[in-house]
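Two complexes are shown next, each including chain A; its partner changes from chain B in the first to chain C in the second.
Here is the complex of A and B:
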């Protein structure tokens, strides 16, 4: 998983002026000395375009192509048509991995966004104090730590002798203690908690920066009308943050559906297949089972699923004013 | 839309189309063509006297290959090494592509069937004849032989060589054994059960084993139990993908039921599904378990960390005096079919098995039995060490013809995708022994038939 950053999410190609727009704007400036400004424009765009074509578009096209074959990655391939896609939806193991990814959305999206809203509005109230600075830093820290390191640290915390079980022991809950990542019923939620921890900081910071843009006079007016802080939160803060919430939900839903590294480091898909997610399944299919065609088909399905989920979110949270 | 923007659109299409054009045609045209057979050689090859650099791709974390390469360069100063190291899991995933694109002269190999099928490995028959490897005990090379097309293992041409061969069995903690009054290793399965029951009631975890992540360590005791209950031959046939072979046999069901009995009796750690190999080793060394099903690659390590406090025995048979079997596998190295210095690499492999100094390194550093002729001199090993007992065990297995490959090696995916999740479910009580074997067998059939 390439970690989604606030930049990449906000600065999507759609919001950026494309090369054609640049061209139109500049063409009246012919007298500027450059005979063909549009071509110069293309020159500027070319490096990025070529990199994008070679490292993003080409792999996507190749993946779609591979998904139509049975291929071990080396030897000759045979045409399979849509057979691989049929298997993705009929093989219970493969389909279960997609369901697991959907379940992870609750942890990767819902918790970070809801909790992030609460934390961000709390931090905003104490914005001037040193505590706010500390809280911001601590919350954002997981974004700076490599996911692999986070996964390893969490697998220690959640192990049968780890800190989580020790704390449970201190408060007399020995009965609940278990190897959280090795238990069929708790492994997926445990992985989800790790994801929530990683993504909470990202959402909090995004929402916090959105809050700083809200006109303080709105709050003042509301207070004069006798609104309490909950009312302020619901009627002013949340509606004003529509776009930021949209970005948070999009980024975290994609992180849930395309999750790989946290799962790979903490459980490798086990126990049984309790935490198997499509990202990991693709990797196993391609590199250990050497079914490049199947892996590609699952990858295409995953890509479409991400688009299918992300587009309505974008549409719902679009600023219509 | 102006003419220019239309032109721009066309240019864009050309640029994009150009970069995408490589995607045309069915994938997989660059695989090497099949080699007729191993070319016969007039004389045994050598590394010559001219400077030569051997490219090797080895497994990181094990000092043996590096020690051997250093000693080899000492004896043959014209040979230099260019060594690349990776973890075994990485080598497994990279093997086909590395062998095809960046062919090493010598490479640590995972399961070889698929590599042979794609003509990526050099046929070593010619070297075997020239160096006389075919007069060694046949069981040493059996696992690295493949029938034409790479389908069935255990027969046909030789495609890899071992630096040594490992032996598996049961390690035990001598102090804990004293506590429960176990003065000598158990000689029957019933005695082993008895010792485990005594340990359990004394508050000692009977078995230190791992079963977490993508590597189900319960496959070790399971296969040992299979070999106790039934003959080892059919298990090997299954691993070698012989036509009609099945793992779902009555004696294997008994073995799996026995394993389930151990699980239900609480003989393993409660969190075994979250315990990986490294955690198991550190717990066993700390004395948190009486027995541990493992292999002699840990002998040297255990002799150091638990000096005098650790013993080893082969899995006991059901009947007193019955035949014994063990997973025993060569530490496989192969030569790429596109290697530049294949002759020198083969000479090195022969040297590892026959040179006295190399054999000594193989035992002292690797902890396992060297390859080579049955009557080759064995290096001295200190009495009473685990290394000594694992080497003795090797002799017993050779006598009983009980050497087996590992059930995890039957196909490239069977361990991570079948044995591991199924054994984890068995621990959690979500799978029955009968269904476990049925499920693994059905995965196996689709993988063997489907590829």
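Here is the complex of A and C:
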């Protein structure tokens, strides 16, 4: 049985014993009486826990360990203490990648949730029509295809001769046409638009299905009291959708902070470092620049950031009941 | 009544607009794929002489048959085992309720939001030391581990709601826990299991990071990872790249359209629970 073992020798990965093959235990449990002994329960949990420990918990511990060393992945490592962390927050390039991820939240989360709310409340009345059923399927497509494909398709749409510029030309905005992903000032928003496209459908449908659970008599009562649709939206729709909004925000914020696929395909972090995000920076640091310690420090910061953002959202939007 | 009708029309218009925006990238891929290979078409323009042969060319260039085979093998390695392990653990935590279940559940749940990039570096060295680099196991085994938080979370949510009386009566009839699990609880868990299977299939098929880091040979990767390699190789030939992207999209699209109702409910439940 393998456990997350704290490795003593970070500097000699070749001699490090690899964890033994994962053994799965079946429980030939014999129940003694009506109540099952805890031992049996643990036998049921053991296989999942072992795989999880070997391929997730152990790497997490190792990431923390690596982050305290300076290591090129091959030679000996030297103790760096918190030096890598200091660098993550003081090196302008590294810190900029974290800031970029935070800026992406505006596109990955704010646009899909706000626009999704607006769209869902507009189409609420026709939610049962055949058009809406077709729309449900169509709007889910971005969720089903690989993000890599979305990245490729959008790189093409946003290129200097792409459809976006063509459409802008039709409405007389030739002046603003450009290679959206190659321009320092528009590259990050352009990547954000791709993320918004991927997540808008999911948020809209999620919110719409939440709206269908709201008791219609609430709206009737509000109408009787003379409420207009904006007032209805603010005092009935939004509060009732607390849980759904929470889910949308959590999913999309994590997608923004941990973005990788879209950026890798559409800009590779460029131009310059304009669209560099932590996920991509970790990849470059660890596997091309061979700064494993630095990559790991950034990885730890990223994991903490995601948890620090996700937990309060969960807590805030939890059902009060 | 008039207001209601106008609202309905605004809604319909908005919906159509939204669908158009969603479909635009696919349409652009398709139209571009029909231009002569190596050309640099501009915008959305139907070609004078559609090159349907581009799809055949891309099919051969991407070696689609081998790619599909590789992805299927990876899915077959990941999904059944993840379902089994997740169900066993979810059953114990949600139904058997052994001592210490809250702690172990918390340990799993903490992994729910873990970005894969966070552990990719040590995972690379670990998989290398296990001698699995550049094999499909390099994707399969870590993915099973990474899916455990969601799998356990999902199955526990199901088993927590199964009435205890069900087990009690079976016990009186002399069934042991193992029989109880397979004969009564697994069949009852089928709806939850099939939704989970769909989600895991999708996440495996589209997995990109693990594929590009742990496996060099595109033919041993997932579809998504192979598409990354295809882009690197044919990135300058727009029509061929577009044709290849569409082909690589097709299997997921076909499966999605066949099982669309299940997919949509699974994804909705998945994000609500997760």
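Note that in this section the second predicted complex is superposed on the first by the 285 of 321 C-alpha atoms of A that agree within 3 Å, B and C clash if a C-alpha of one lies under 4 Å from a C-alpha of the other, contacts with A are read in each partner's own complex, and residues count from 1 in each chain.
Simple rule for what comes next: a residue touches a chain if its C-beta (ideal position, glycine included) is under 8 Å from a C-beta of that chain, and two chains touch if they have at least 3 such contacts.
What you see is a predicted model; the values in this text were computed from it and never measured.
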Partner chain(s) touched by A:184 [first = chain B, second = chain C, both, neither]: first
Contacts of A:287 with chain B and chain C, given as first, second, both or neither: both
Touching partner for A:138 - first (chain B), second (chain C), both, neither: second
Which of chain B and chain C A:77 touches, first, second, both or neither: first
Chain B versus chain C as contact partner of A:270, first or second or both or neither: first
Which of chain B and chain C A:244 touches, first, second, both or neither: second
Contact breadth on chain A, by residue count: chain C or chain B: C
Partner chain(s) touched by A:89 [first = chain B, second = chain C, both, neither]: neither
Chain C-contacting residues of chain A that also contact chain B: 19, 24, 27, 38, 42, 49, 54, 57-58, 62, 66, 73, 287, 292
Residues on chain B engaged by chain A in the complex (per definition of touch): 4-5, 8, 11-12, 15-16, 19-20, 22-23, 26-29, 31, 92-93, 96-97, 100, 114, 117-118, 120, 212-214, 269-275, 412-413, 416-417, 420-422, 424-425, 427-428, 430, 447, 451
Residues of chain C defined as touching chain A within the complex: 4, 7-8, 10-12, 14-16, 18-19, 21-26, 28-29, 32, 40-44, 84-86, 88-89, 91-93, 96-101, 104, 107-108, 110-111, 113-126, 128-131, 141-142, 144-146, 148-149, 151-152, 168, 171-172, 176-178, 180-181, 202, 205-206, 208-209, 213, 223-224, 227-228, 231, 238, 241-242, 245, 248-249, 252-253, 256-257, 260, 263-264, 267-268, 271-272, 274
Interfacial residue positions of chain A with respect to chain B in the complex: 19-20, 23-24, 27, 38, 42, 46, 49-50, 53-54, 57-58, 61-62, 65-66, 69, 71-77, 79, 159-160, 178-184, 267-273, 284, 287-290, 292
Complex contact set, residues of chain A against chain C: 13-14, 16-19, 22, 24, 27-31, 34, 36-45, 47-49, 51-52, 54-60, 62-63, 66, 73, 119, 122-126, 129, 131-132, 134-150, 152-154, 156-157, 161-163, 165-166, 197, 200-202, 204-206, 209, 243-244, 247-248, 250-251, 254, 257-258, 260-261, 264-265, 278-279, 282-283, 286-287, 292, 295-296, 299-300, 302-303, 306-307, 310
